[in-house]
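Next, two complexes with chain A in common: one pairs it with chain B, the other with chain C.
Now for the complex of A and B:
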């Protein structure tokens, strides 16, 4: 019989922290190598915000009786701020974990992650943080520099809301990356998930509220999305910024966001473990 | 000595969906897919001792990579068991992978877009290699592989040979107990292959790592491994010393004789009629006298001295050459005839 010469092993806490910082750093460097790609992105985000701003200006102007008043609970200034903040948030919380994971599964590259004493889900989470750090500095910041003065975007009614908004966007990042991880895991069964990813992009822009604020929709729709995790990607942080959530409402929104992030993380673990029992990886 | 690796009745099935031909076939596939099972690894058992370097060889599709994937914990076997140093790879993956190094010749574990050194630094953190040890290891790798010259290049810009050198170093940085190499010389030119082999010899001596190496380049095996396991269609065809395989009854040595005067093959063969010798075909007819004659014989049946004595009794010899069977021929014969010689039986 084989003797026990390989000992069970766990990384200690300090080493774990160093390791995760290492992954954040490496992801940052990786995206830095491709920074040129993001320059065109600055333009397209700006154009998108501009297009929406003019659309809403026209919409509000077409109802002169409501001049200076609200449509769907938002004034024109709030509406434009909503769109700008939503897209500014999206510009750094967005990532392509699902596509990257699916590619690794299809090409069998995932094997190279399995030979290391790491959990790919955790690795991808910290890589997402590294990517977000890169985006924040070299993508979101340029977008803000253009968009904020151009559309005269104001700060939140209470400066403390800056902090809560940032926290909420940080949770949106975790939530989004866990959602993408789950979607990426579908590649173990479906092999090609390009269609799924496309459908996800379209429905998420709606269900997260980044495209149009939920207040424009009928009541039943608002109730529905309140129970789904997707509002945590955009609608929650943006409405916090606008000062639409205060006191208990604010706490509830943040707690729900955190709860969904944890739930999706656990669901991702489940999907992953199931895949590991059944996978057959391509290529030799 | 207790074995480090024990593989018992290991089996892996893949489920395939065959595609029918044509548009109509494609429509039928949607309704009733044709499922088929492929047994890629079939009831494989073997053990490997600490410090051994074993060659796991077989043709394309024989099941080498599938076996390695189960040994490294990437795939869960359909049935059977793997134990390495007391751990079950696919059950205790996180603990287990701390102790192993893996190189897949067709892939890289390095971060593609970043300078090589970034990958090494992250690997250092993954495996908690102390700084002093890290420096020692990197010096060792640089002496043998010369990796310093491209340490600051992005991985995607390296040649295949350079990348393989880095991957080998990356797999050994944390001083694993076992090193798995799946076709480490695939696609490399002769010089690069030589480089890799030299490194593996040194690494085994100096780091004492146990190595399993798959390849279909048999030169790798001849230069590196004493023991080989040959598999074909997922089954073990031979498990033993390379040396014994060469000495087996089916494996003929070749003794070529250059005579002083031309002699007809039939005449020479008559002189050796009492010996278990086959004669390789010579150009021209049996009766045409020629200078060169080649005898094939098995070590277990006779030897070169006996044949020479018989020839010298009747003819004058100018020159001779004795060649070992090429390992390719030996392996090809095993594939063809499914011959599994029992090494004990051969003196």
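Now for the complex of A and C:
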């Protein structure tokens, strides 16, 4: 009887990269099929910016004379820009990785992911990039075309800040996708995480700074959010756009964003590995 | 032998329909309590959402003495009031959101139409969203707190008015979303009309006077969300003229409710099953 020895199968790095980059294209095409849904989304986002713009105009108009024209270090024009840029950025970075992962766990489809020689976390990261590319072209740009002239949104004080803002939103995308992956992993324990996802959306509206700038809050709240990763989702890129972070401050903010993105990625790996040791698959 | 014609009086019919709706509700409760953890998490998320909204108001009002002349307490009152009709509406509305998928695409409407009970009542009552109870409870709490702070003199007449205005406002919510839902009888709604309309609700809780004239007219006569919180709540916190306007809320409810029923019925007549 001859002994059969299989050489261990290995994929070289370039092939691995090509494989994962393929998922960017696939995700882009998948969302392209649902593009109609995003037309009404443009209306939704415009409603949000418009409603908040009215609210803040009323707020600034109701300010007693003695208090000055700024609230929390922002003029009214800056405040409206803050809201517009925050929601424009959100339209680009948003994704539903947590919901998708939870659904795959609930319906047992996750089994199909596990037999493939790919890491689902990495696949989902690349899919998030594909989705964001789709969003940028067919969602974020249309929103900008509507919102920018409607609310007379100006560029940042220094043109170089366009680049830094874009980089910061790109990191917000990675940070957000890793956060969603971690939340999605909770489905291995909880099965149904709809309530958790809802709670996440509600707290992020507050903790990412997308609704109200942190400088409106009392000091203890500002200290708290400075130690949390969520400011990297919206507050950091928007304040960069407004020129509120210069020199070392800018670098520090970007570095912190990157650090949190990496930390959440690693934490996601940890959660995933822990789940894999004990997972029982539902369905067939 | 001649069979007596099967007939029931209107009163008997109403009693029977109410009984069936209550039975639906009991059935749903049993089903829901089987998943206690989901139920509790849902309640928790809801409490949290309301807490965050209250904190938002608190932060904004820490910067100004009043918003366009509206004090924190009166805006708080309007917010508390807004939760009551929203709670009533949320209790029964969940199937409106999934109507196109669950009733038309999956053919569940055939089953509904075969039964001798009002189809709309069946669709609305086959599932309840219990978090609506949360909103009713918290809204009442916030309203009582705000009314105390404002030192409002609340008499029996005010309670009576409240008991008329809240269901009227809930009917207005239901009418708007019933019309949106009925669109799916004509078109497969691939665009998702409901979310942008739903998003307007959160801005209908602020005094209408903070918006421009165009927006005000739009919210009063086109997408009538001015009538779900601000207009009726001014009975309690507005000046004399606004108080009169508040009493128009039931009329708006009847008008939009009638319009929505017409659209819904026209849709039902047009309905053809997806078949097998």
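By definition in this document, the second predicted complex is superposed on the first by the 273 of 284 C-alpha atoms of A that agree within 3 Å, B and C clash if a C-alpha of one lies under 4 Å from a C-alpha of the other, contacts with A are read in each partner's own complex, and residues count from 1 in each chain.
Rule of thumb we're sticking to: a residue touches a chain if its C-beta (ideal position, glycine included) is under 8 Å from a C-beta of that chain, and two chains touch if they have at least 3 such contacts.
Given the structure is predicted, the values throughout are model-derived calculations rather than measurements.
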Using the superposition on chain A, decide if chain B and chain C clash or fit. fit
Put down the vertex angle at chain A formed with chain B and chain C, C-alpha centres only, nearest 10°. 90
Which partner does A:194 contact after superposing on A: first (chain B), second (chain C), both, neither? second
In the superposed arrangement, which partner chain does A:26 touch: chain B (first), chain C (second), both, or neither? first
Tell me the contact category for A:160 with respect to chain B and chain C: first, second, both or neither. neither
Lowest C-alpha to C-alpha distance for chain C against chain B (Å): 6
Can you tell me which positions in chain B touch chain A when the two form their complex? 2-6, 14-15, 50, 64-65, 69, 72-76, 83-87, 92-100, 102, 104, 106-109, 111, 113-114, 118, 121-122, 125-128, 154, 177, 182-183
Considering only the defined contacts, which chain A positions touch chain B in the complex? 1-11, 15, 18-19, 22-23, 26, 29-30, 33-34, 108-109, 111-112, 114-119, 276-281, 283-284
Which residues, counting only chain A, touch chain C once they are in their complex? 36-37, 39-41, 43-44, 47-48, 50-51, 54-55, 57-59, 61-64, 71-72, 190, 192, 194-196, 198-199, 202-203, 205-206, 211-212, 216-217
Residue numbers on chain C that touch chain A, as the complex places them: 35, 37-38, 41-42, 44-45, 48-49, 52, 55-56, 59-60, 62-69, 190-193, 195-196, 199-200, 202-203, 206, 210-212, 215
